[in-house]
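Each of the next two complexes has subunit A plus one other chain: subunit B in the first, subunit C in the second.
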Partner chain A sequence: MKNKSKNFKWTNEGPFEFLRIMASIFTALLVTFIVLCVVTKSFALNIFVDLLTYPSRSMFYFGYVLVKMIPLCFAGLATLLYFRTGLFNLSTEGVFYFSGVVATWVAVNPNIMTGNEILDSFITIMVAGVAGALIALIPGFLKAKLNADEMVISLMLNSILFGIGYYIVLTYLAVPGISGTASADFIDTARLTKLIPKTQVHTGLIIMFVMVVLVYILLFKTKLGYAIRMTGLNKNFAKYSGMSAFGLFMVVHLLAGFIGGMGSGVELMGLYKKFNWSSLPGLGFTGALMANIGKNHPIGVLIAAFGISYLRAGAQLLANSNPFIDISMISIVEVILTLLISSQYFLRAWRSKQMLKEEQKNG
Partner chain B sequence: MQDIILKLEHITKIYPNGTVANKDINIELKKGEIHSIVGENGAGKSTLMKVIFAIEKQTTGKIYYKGKEVNFSNSMDAIANGIGMVHQHFMLIPSFTVAENIVLGAEPKKGLFIDKKEAVRVTQELAKKYNFDIDVTQKVADLNVSAKQKVEILKTLYRNAEVIILDEPTAVLTPQETEQLFEQLLKFKELGHTIVFISHKLNEVKQISDRVSVIRLGESKGTYDAEGITIEKLTELIIGRKLETSYDEYRRPVENPKMILDVRHLSYKDSAGVPKVKDASFSIKGGEILGIAGVQGNGQEELIRAITGLIPFQEGTVKICGKETQTLTIMEKRNAGMSYIPEDRMIDGCAAEASNSDNLISTTYTKKPISGLVFLNNKVIKNRSQELIKRFAVKTNSEKEKVGALSGGNIQKVVVAREWSTNPELMIAEQPTRGIDVGSANAIHKELIEMRNQGKGILLVSADLNEVMALSDRLLVMDDGKVVAYFDSMKGVTESELGLYMLGVEHHSEEVIRGACYEE
Partner chain C sequence: MDNILSSFFSASFLFIVIRVGVPLLYASMSAYVADISGIPNIAVEGIMIFGALFGVYISAISGSAWIGLLGVIVVGIVMGLVMAFFTMKMKASPIMIGIALNLFATDFSVWLLLIWTGTKGTTASLPSKVLPKWDIPVIKDIPFIGEVLSGHYFLTYVCIALAILIAILVYKTPFGLRMKACGLDEHAAESVGIKVNQVRLIAIIMSGILAALGGAYLSMGYMSIFSSNMTASRGWTGIAANAVGGGNFLIVVLTTFVFSIAQGVVNKLALTELPSDLVNIIPYVCVLLAMVMLSIQKMRKQKVK
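And now, the complex of A and B:
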């Protein structure tokens, strides 16, 4: 009944998945092209080519792509842990903001900073991670103990965290006399060092790669990862097998919160001189987007983060030079990508037709 | 005698995931016959029925109905053309009355409103015409399983079904109720209806049908006159080889058995306060299989879920290998020696989207050498999975294949293999072979007997009387949450005798039932 042949076929599960993602990307780009034509009221082929090639035209631009993928990737990793456990939690948004505030408090505080470059950035990022982990325990506990809907809780929590975080910034961290609300400058040793000269790329990129590998190992090589995957796939099965949902939910929230918090610390210490975020960074939804496009796989999230960062950078660079183009246009591509990649039935009909042909050929 | 009412020509159905469920199937149904369709689970019977009933669309092939090629757009269309289907899982609204359920979707109207009086009159007339003994003003929630089935059948008749498809209708019935159903089927036949009867129970198939079509691995293996074919021959056609039916020769006596499970005065009320299990007491020693028979929904399910820890019970004690377990977690109970084949393999028994090996280690993944303190040992897991797959003859491409891609029987083998692999003292087997083919069922039965011979205690719950009777050393019957009968040996116990206890017509004295407990 099943296809027993071991030969490579596009209809086999792996290659088919690859084909599907490629087709999704193609479709999304095609729609982008059409949108470009519509907004510029012309056949916008060169603008389209610009969009796709701009970021790779100079090392500085490409560095921008790399730097901007770091927070996307961290948010994606945190969110994929939730998704893998079957939790639809979007608190990475608030976690990112609040951990950033906490990291700032550390990074401007000469009493804490030791003056050692490696140690200081390590302390700052870890404190941000721990802050994220502790915050994430709130929706975690409510979910595990009271079975509260984690999506509603996390969305509410985001607003609360922003409120409290902004209050802390205004009252304790803001430096008077500067336009806008901003903290004092971070102590230099807390900041991450440059990795590639003449670009903005900082050592956070390495931390990001390490985290991707760690999350991969966690998911596929450890007992905890196994429990996460089984609970996410079928929580009745996990319960019946003897796994404890309470403990697992708590640990997953701790870990995801930690990754989110770390991401915030890395972003701040890598790219900013001081804390001046005056709104939520939007990384809750973007994290969900990364997890979705990356098929809940750490490597997938890495690729998705790069791809989206590349497109966003392309749009950003284009917007600087072309009055018709707006950066938010790129969200069309993102949405279409997410939609197609997460659509299980996309291209299914084609696949069954191919299989029927094979079946008839083989008799 | 008659002309062809429904003809399937070269039906092939390939599912989007690539499963070829039907392959060039040809079947002709004569008007006014009872036509059985038999085959192993996963052979493609259900898919074929879905194609006829337009729930699924065939990939290629033609369907002729009353001589004309038809292409029903959906099941409503099929119903309108006179094809009715009674599903395995009833599709009734519990809070509606029988009459309301029957007319649902084609209600007699009075202006804008449903004419309830007319509905009652019409359905009563219908019931009378077909000799159904049923009160149409009752709520469906208050009916037992066999009455619900009657409502389902009446529903199809109300829509003037000429062809009625019954998907495993006897799976949920007692022997007495089955007889009753068969009388009705014969009546339908007399009135010119065509019946398609799908069943795993070959003696019933032979008893009731005019002709039998066999499907194996998605292909038709011919249509036969029921009179002219033996059950042995049918079994051979279905599974492609011969099969033994009695397990007695495999049983070995066990010396100095330990007490494995001791349940005393267990009572359970659901969240609405309705008592589901009433004061159940029994015990199991090593080297025996204790069967629990009963019509489904009489507390067996709750009893098992209480023992295994999936639901908390209010009163009584449950000791596993001498250990009191009421406050233990499921993990702790499993560590105490419990293993559990759950009733529904897709809900509790597996993660369909996970691989075979992931599914095979879910109850052992915390133990050495499968894992250390933090890490899984993927090499050990791979070897173990391959061993289990081989030992239990799971038909699969590799240990990495998704469990959900296997047939029901093979998924069940994965579940049994996993539960066996913990080397338990107590094996709780709930409907261990429901809905799976004879070949796989036979293999699972032998495993259970083998475990019994090794001195394990086995608690077997099954709605399939043949199964309970073939496997059990001792037997309980449950009715309405109570243990109503106890047999300390299966010698001389007949199916129809059990049927009487299952239906609550008779019950054993308290003293006899107390015999189910061993004194410590």
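And now, the complex of A and C:
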């Protein structure tokens, strides 16, 4: 281990990966800056600096970053499990919506709520998680049993779940007399309590960190995690290791669905007073991007969720004062990061050249 | 209810089926040409969004629908090039690239809308142009057929022509054979002297143009504005139709037709008192069932082997 620092080279596996990610981030931000300049037809450096610094100017803003990273992180963790197993399942989107509807049904129902703050939040979030897990079993079963294309199926399922979910909201949960479609207010005890005063940060943040640790332990410290990782690398692993592929796929879908559903419950109980989503929240795809940017690692997803949330918060905060800025512009950063990080050959030519130089020097 | 049922067996219903089926067919063809040459194009949906948006914008600033259409084709080519660059030069997974481009298109189009119009909803405030409708001289006078086939948008006829051209290209020309060879086994194709990357580049660009045209159809004919999320999973439906077809173009087209009928039924049922949110999921359920049936069929085949 001592030699490690001595032999440090940027072309080594670890540092090179770090360099690649840094270069990707730099490129993404540079392109964002250029686009800003083009759009505003000026040298938009001050807007760009605002974008990068605004969220850290006050505790409230920074709290906003933390709150908004929670659903991103949950969606990323759920999708990460799929990707690690080699499944391109994007059903987290529909799971988020439908679990939210189920959580709402629980959280507005006085017969279920006990009046105990911790217990009520726990019940609501767990029910949302179980709902998510059950929903995820549909594409899971179709994949495990019939080997059906999970991506197209999960996308169709998203639209179907939204249709059914919205119908349920309209018919059974909506309260007449208020503008827009919304449920009754959640019962207070179901909602998560504030963690940091004078911000929106709620206890969901702790749940998020716990989940990151749990997923980390699952992936890297358990037999199941090993099977998941190996199956992602080689589809036939489960078969040859004596584990049933059917069982593995079902368990992965169950877990990912559960995490997604939980995320939805945490988001609703933490940030919302009532259910008013009138479209899909857009987290299924974002979850896929988080997983990709975070290199399918729980800690990576955590960092990616924080970074993207930070930029989105910056854009959101500036949107009020600047007509050119909107949260949707952060999609530029997201797409460039995803494209470059998933590019195996990005900077490879540079690395080969450096290694060749090294070789020549030594030899 | 009887009224509704009988209206399914009329010329006007078939007219609607064609009307709603054209964007689906563009999407299917886009997925098909990319897929048979070995690079699955998952970004159909996103390219459609960009096609729809840029068609409206360019036609609005240039004042001509035809320049708008030209712009759409350029957008399709650019998107195809981006996909080709990252999948072939940078060795990124086509699936990840597709997912990224789709999300990008969904969000970025909203931002462009904001910048161009000041609102995030639609381009209603832009003076955009639509492509003309065509009456076909002789056919329009034939009673039933005229009612079904005549009076569609320009891009409808382009779509049908392109479908025929693709069938000829894939099944009757050496280039089509090369495309299929690259899709089946790139190393084998390479060993007999086929320039795999070149063939795939052309296929991906074709795929991009087809998807972009599908988007333009939506915003420059079917509707006269762009609204956010107007593609409504049509691109994915096309990808599903391509998957069901399994490399056979005729089956791809027929599957697309079935999905179009489902969409047509939705358009008809939307006028009734049935809950629209539930009616809207019919096409998605159809696609889901088609995918499940496809998998069962594949399983059976494997078992027989």
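To be clear about the criterion, the second predicted complex is superposed on the first by the 355 of 363 C-alpha atoms of A that agree within 3 Å, B and C clash if a C-alpha of one lies under 4 Å from a C-alpha of the other, contacts with A are read in each partner's own complex, and residues count from 1 in each chain.
Quick note on the criterion: a contact is a pair of C-beta atoms (placed from the backbone, for glycine too) under 8 Å apart; a residue touches a chain by one contact, two chains touch by 3 or more.
Quantities reported herein were computed from a predicted structural model and do not represent experimental measurements.
A.B. asks: Mind working out whether A:K9 is in touch with subunit B, subunit C, both or neither, as first, second, both or neither?
C.D. replies: A:K9: touches no partner chain.
A.B. asks: Touching A:K274 in the superposition: subunit B (first), subunit C (second), both, neither?
C.D. replies: In the superposition, A:K274 touches no partner, neither subunit B nor subunit C.
A.B. asks: Let me test your reading of the model: by the given contact rule, A:Y240 touches which partner, first (subunit B), second (subunit C), both or neither?
C.D. replies: It touches subunit B, and subunit C stays clear.
A.B. asks: Pick one for A:K194: touches subunit B only (first), subunit C only (second), both, or neither.
C.D. replies: Neither: A:K194 stays clear of subunit B and subunit C.
A.B. asks: Name the contact category of A:I160: first (subunit B only), second (subunit C only), both, or neither.
C.D. replies: In the superposed model, A:I160 contacts subunit C only, not subunit B.
A.B. asks: Classify the contacts of A:S352 with the two partner chains as first (subunit B alone), second (subunit C alone), both, or neither.
C.D. replies: first
A.B. asks: On the A-aligned overlay, A:N292 touches which partner chain: subunit B = first, subunit C = second, or both, or neither?
C.D. replies: Only subunit C is touched by A:N292; subunit B is not.
A.B. asks: Could you figure out whether subunit B or subunit C reaches more residues of subunit A?
C.D. replies: On the superposition, C touches more of the residues of subunit A.
A.B. asks: Go through subunit A and flag every residue that touches subunit B in one model and subunit C in the other.
C.D. replies: Dual-contact residues (subunit A): 345.
A.B. asks: Which residues of subunit B touch subunit A in their complex?
C.D. replies: Per the stated touch rule, the residues are 12, 14-16, 18-21, 23, 42, 59-60, 217-218, 308, 310, 329-331, 333-334, 340, 342, 347-354, 358, 361-363, 365-366, 371, 374-376, 378, 397, 405.
A.B. asks: Across the complex, what residues on subunit C touch subunit A?
C.D. replies: Residues in contact with subunit A: 42, 86, 89-93, 95-97, 99-104, 106-108, 110-111, 114-115, 118, 120, 229, 233, 236, 239-240, 243, 275, 277-278, 280-281, 284-285, 287-288, 291-292, 294-296, 298-299.
A.B. asks: Applying the document's contact rule, which stretches of subunit A touch subunit C when the two form their complex?
C.D. replies: My answer: residues 39, 88, 90, 142, 146-149, 151-153, 155-157, 159-160, 163-164, 166-167, 170-171, 279, 282, 285-286, 288-289, 292, 323-324, 326, 328-332, 334-335, 338-339, 342-346.
A.B. asks: Using the touch definition up top, name the residues of subunit A that touch subunit B in the complex.
C.D. replies: 1-4, 11, 221-227, 229-230, 233-234, 236-244, 345, 348-349, 351-352, 355-356, 359
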